[in-house]
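Letters A, B, C and D mark the chains as written, and numbering starts fresh at 1 in each.
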Amino acid sequence: MELNNQAELSPYPVESSRQKENMSKKLLVLLKKLLTSKTGVVGLLIVLTVCLMALLAPIIAPYDPNKIDTANMLKPPFWLINGDLSHILGTDNLGRDILSRLIYGSRISIIVGILSVVVGGLIGVIFGLIAGYYGGIVDSLIMRLVDSFLAIPTTLFCIVFLTVLNPGLFTLIFVIGVTNWVMYASLVRSETLSIKEREYVKAAKTIGVSNFNIIFRHILPNVFSSIIVISTLSIAGTIITESSLSFLGLGIQPPAISWGIMLSEGREHLATSWWLSTFPGVAISITVLGIIFLGEWLRDVLDPRSRGTKS
Amino acid sequence: MTKMLEVVNLKTHFYTDKEIIPSVDGVSFTIDKGQTTAIVGESGCGKSVTSYSIMRLVDSPGKIVDGEVIFEGKDLTKISEKEMRSIRGNDISMIFQEPLSSLNPVVKIGKQLNETLILHQKLTKKMAKQRSIEMLNKVGLPRADKIYESYPHELSGGMRQRVMIAMALACSPKLLIADEPTTALDVTIQAQILKLMKGLRDDFDTSILLITHDLGVVAEIADKVIVMYSGQVVEEADVFSLFANPRHPYTKGLLNSTPHLDDEKDDLEPIKGNVPSPANRPTGCSFHPRCPYVKAICRQESPNLTSLGDSNKVRCWLYEENQEELFYAENIGR
Amino acid sequence: MRGKFSTLSIYALVSILLLAGCTTTSKGATTEVTKEEDKTLIISLGPDLMTWDIHNHTTTTTEAIHVNVFDYLLMRDKVGEIQPHLAKEWNKIDDTTVEFKLNEGIKFHNGEDLTAEDVKFTLERVAKDDTLRSHGDYDTIKEVKVLDDLKFQIITTEPDPMLLSRISRQASGILPKDYIEENGWDHFENSPVGSGPLKFVEWKRDNQVVLEANPDYFGKKVTNVDQVIFRAIPEDSTRVAELLSGNIDIVANVPPSDWERVKSSDNSQIVNGPSNRNYMIFLRTQEGWPTSDVKVREAMDYAIDDQAIVDSLLNGGGTPSLSRVNPGDIGAQEELYGKYNYDVTKAKQLLAEAGYEDGLTIELSGPTGRYIQDREVMQLIAGMLEEAGIKTEMNLMKWEPFVELREQQKFKDGYLIALGSSFFDAGQSLNYYGTDRASSINGYSNPEVDQLLSDAETLMDESARIEMYQRVQDIANDEKPILPLFQIDQYFGVSKSIEYETRMDELIYIPDIINK
Amino acid sequence: MWKYLFMRLLQIPPVLFIVTIMIFVLVYIAGDPVATMLPADASPEEIAQFRHALGFDQPFYVQFGNYILDLIRGDFGESYQYGTSALGLVLERLPATLELATASMVIAILIAIPLGIISAVKPNTVIDFFATSFSVLGKAIPNFWLGIMLILVFSVTLKVLPVSGTGSYAHIVLPAITLGTAMSAEITRLVRSSMLEILHQDYIRTARSKGLKYSAVVIKHAFKNSLVPVITITFLQAAALVGGSLITEMIFAWPGLGQLIIQAVYAKDLPIIQAAVFVTASMIIFINILTDIMYRVLDPRIKFI
């Protein structure tokens, strides 16, 4: 069974005519595989729930998340003394409903998580493809740039960047993305290096297919599964980074809501009103958990190398 | 002849989430001292699992559920793990199919060889080194002292298998289990290795249990042949009668699908169909879907392993009813 | 195969033991430390000391340490009154000259006498070197004329009614001329010498400053402790945790959420008192902004419930005021103190009068992490404005980008800030209403205010000057180019074994602290 | 090997050069530090005059040129905030950061390796469940949250460990756990997965067929193989530690580079940022080279090219 899958999913070129048919078949196989992996199902469920929460926030949130209510400040969750069902998870230091904020907060956390990975991925993939495909001076230049980025700790880099650009949603996405691109670049580069030596690429070259077409039609599709795996896993890291930057006061600013902001705003109240930062903390942990489960499962399914093929 | 090892009704099952897979399903045979016994069969027939069961190296979720493995009066399936360890590598040792992956890539050859010696023969490091180099010489490796200091990836496939053999024979075991020892090697190297094994068998007076799917290898080295199909022994015979007069339809099929140099026929006849998955065996005789002589009873009931007078045995309805039919069937088959 | 991992389990056990070992040694270590430092007072103000160069920093927390090592010529007491200190008396010679006489026998920590030469050296340095960060506060000083060892005159470029305020605040400690000239500034910054109640022992950067009592101090000596340690602990919750676990005696800036916790603990208390810092909103008055209409500004004033902010976010730790000049400062208009406007209906009505019946949208900027509850204050204000029909977009940012935004005038309708006044003089705090200053901020301009301010700046008749400043405040209260919100209190967490009172200038003067 | 090392060392200067330029340009774009250096009530004239006095009104190429010239002479300049040598300030803080990083690494490894091995050897047991949860949760908890919680539990409530600062071995325990948890989680996961993979390798069966104890097989044969990826990740994580230490140091008032850097970035104190980045970058590059060499030493199949 393993062998079968490996053959089906192995990154060998597929002619475009067969591609569609293959894609649906692949998807089916993937889904089937998913259902056999318990953690994969759990991961998918968590991620879907969070995404739904983000999408349907205005419908499911009981309150306006930014509605300040000085009469109801620091109300505990309903199961504690003084808590009641009007605010299931209690309220924060400005009397805002924590459940509603959690629901709305998922939006930015998810957007930042996904978009910054997309930004980093795009930059990284393009540079990686160019470096790997053209080699030579271009390659060494890009690789030195990669080394330079690697030599600066991510947090430090983000802080420097964010003091240059005023913090905001898109700045944040851009900055986290930019600090991540090296990971994709080096991955894609090394894969490109090996793929460009394969017969079908050489064949394409000899019949005069343009470099652009070779890169995007022949090489890119074959590095895609690795990119998917890495990016899924790094969404988790991104959500954590976002909250760390909020802790430093460099993240997204109110009235925008993210779990990171809630977590870091609530830290002042950790000793007295633990629910302020515990619930967003739990939300982050569960989401990250789900993403990691999904990512690891994707890796098992998509990346044959991780299954310990014998050398 | 004295019995070296006796396997009685061995059952090894694999427990997955959904089902129980009887990989080895009541296998019995004996290995005589100084002899080479071969277990033959297609992949998935349970021959390797049988050998691991003897060594008690079946990994979870596999488990020996029934049967005995009698070695020097002891039932290996019942003794303590500690006792078993003192037998492994010492009295019974094993070589494997993939000579590269079977050697630890990050440990030097010498160290891997010494390990057994230091463990079982309580040699000092120095003595172990001497003995190891001696063994490397014995398996025909040139510049043994250099190989001693090498890492596995620095050697060729044939050399690695020689190292494996040296390792297995280091403690002069009474029984050597060779699991497809030549499958991964080039044909020329195969011959060398077989020759080496034959020579060493005689030198060390070691019995060999050879696991293979290659009848050519069997013909080359074995004294006795056990044919396995779908977790069961379907035929047991000495090597001459097996090749001259295969009884079981499966054995016949195997022989027909193997090329012979002296054969005049041009085309080989592969056995139709596939090996059934162990989890999903057909009722009755598990070979019946592929058997050219299939009868009604084959679909319903499983035949027994029947002795045919001599030491040879076969598991087939064709032989349980009467001899006449047997001859009849045989004539058609040929 | 199971249960055969003795080696592994031993390894695991060892690591657990190692960890446990660390824990046990820690107990030993901490108790040892507390015993040994019985007569040590440990204080954490939050950030580390910036530098020992008193003229080249602008932070109150650094000055709070400096004030214990270097002496001012004059010093304010707890309530902000100027008292003699190094200088025992002073006379105004003319409008630009004041003559001082130093106390006799004052010595620096290295044993040298503190003389008029040292005063000249110190004040002229900061008055003349324009690369120093405190230069701007001293540039009215033209010369320090030494008459003899103890007598000197400070001559200003023009009449300066704020001179005494200038030399009794941040950066006005007197430095040892000879010591610095002999050893150089680098040496001085590594082992500073002053004349104050405490002597420098060591400074481990971002860790702690250790000072010891100066037994030869000319003034009120520090007697009940031998050593004072200022620890750098930037994170609020960590500082409070240190206080609660009894490792630190005084911590500054306890966040309001922890006040109850500190109060209810066995070993610590909250000590609070007013500071000279007020929250305020600057609003643009230039053409093109809705806030250029005084009615809109007034509406905002009526929309914001200052007392509610103080009560809900600061646990009552502040006083609403319609002026940013607090009682105790020269020129305060006390009638405006303690008052605030709040009437949502009126706010809506004013908006309607201004032509914004359907509401309007403005953007306010504000810093985060700089002042007490700054982020929350801003959010609450936005919420209140919204009630009155002013949709408020917030632009919150860290202090540093905020400062830049202010400087480059990139903010939109206005911004929230909490300014202090270290001069304790309306001359400093009302400067913002002058056309000159305001042109780079909110563009407010009122000829009458300008006249009053420029007259008062050089007027040496104090009561006339006070009247002028009060008039400015009244005009400002009518026109509201700045909405003063409330004066904020400072909050210290203090061990119960210590008696401590806050100072208006937010400094910590160790000789005033009593160890029970 | 020496040739390889030489080639690697040759790559350092351009990398450091690019890093330097990147930081300079970024900080230049961020604007000068003048406004933040003066009091909040400083007037525009005061600011402009101070800017001129410090030379921040000169054109970009002049500032950059001067900067590079100084740098070539090994002079990182003086901190704008503290007025003393930036490199001196950085080097002064470096030992504390290294101490913290080392301690967290030790704790991380001490927890991760046994946990990873045991969970791989006994899959689907309680300990395996624990290890897997740890390896996921450890990465899913932001470390500032963990740090504050640890202080609340161990220092304020249980009073067994000091809250913050330095002075004894006990002081390092909480910050090291805070900083090391994420790393430990990563290593646990890695040890577990690589051990799981390795335990199914043929040479493990070979080793067992020799009659070796299972524990000996695990440690001598399996673990040595899993070391290759583990060491690689551990060292790469070491680089991340320097970044992660920024926040941990702030929470625990640990007098390391972190606080200095954060403060410097806010204050646009270019000399300190530059010196700090230069020093950490050099360290990271050094660690990377070391990792590469270790990698090759541990896995004889990889050759020095």
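Everything below uses one rule, namely that a contact is a pair of C-beta atoms (placed from the backbone, for glycine too) under 8 Å apart; a residue touches a chain by one contact, two chains touch by 3 or more.
Please read all numbers here as calculations on a predicted model, not as lab measurements.
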Pair joined by the larger number of C-beta contacts - B-D, A-D: A-D
Closest chain to the centre of mass proxy, which here is the mean CA position: D
Most remote chain, CA-based centroid, reference being chain B: C
For chain A paired with chain B, centre-to-centre distance based on mean C-alpha positions, whole Å: 50
Centre-of-Cα separation between chain C and chain B, whole angstrom: 87
Distance between the centres, which are taken as Cα means, of chain D and chain A, whole angstrom: 22
Shared interface positions of chain D, touching two or more other chains: 148, 152, 156, 200-202, 213, 266, 268, 301
Multi-partner residues of chain B (at least 2 other chains): 98, 101, 105
Touching two or more other chains - residues of chain C: 1, 4, 237, 398, 400
Chain C contact footprint on chain A (complex, rising order): 66-68, 70, 73, 93-94, 163, 166-167, 249-250, 253-255, 265, 267-273
In the complex, chain C residues that touch chain D: 1-2, 4-8, 11-12, 15, 18-19, 22-23, 25-27, 29-30, 33, 47-48, 50-51, 53, 56-58, 130-131, 133, 135-137, 186, 189, 204-208, 231-235, 237-238, 241-242, 244-245, 247, 398-400, 403-404, 406-407, 417, 419-420, 428, 431-432, 437, 440
Chain A-touching residues of chain C, taken from the complex the two chains share: 236-237, 240, 255, 257-258, 260-261, 308, 312-313, 368-369, 375-376, 378-380, 382-383, 393-398, 400-401
Chain B residues touching chain D - in the complex, by the definition given at the top: 52, 55, 57, 59, 85-90, 93-94, 96, 98, 101-107, 115-116, 119-120, 151, 153, 164, 167
Partner chain D, residues of chain A touching it in the complex: 144-145, 147-148, 150-156, 159-161, 163-164, 236-237, 240, 243-244, 247-248, 260, 263-264, 267, 270-271, 277, 281, 284-286, 288-289, 292-293, 307-308, 310-311
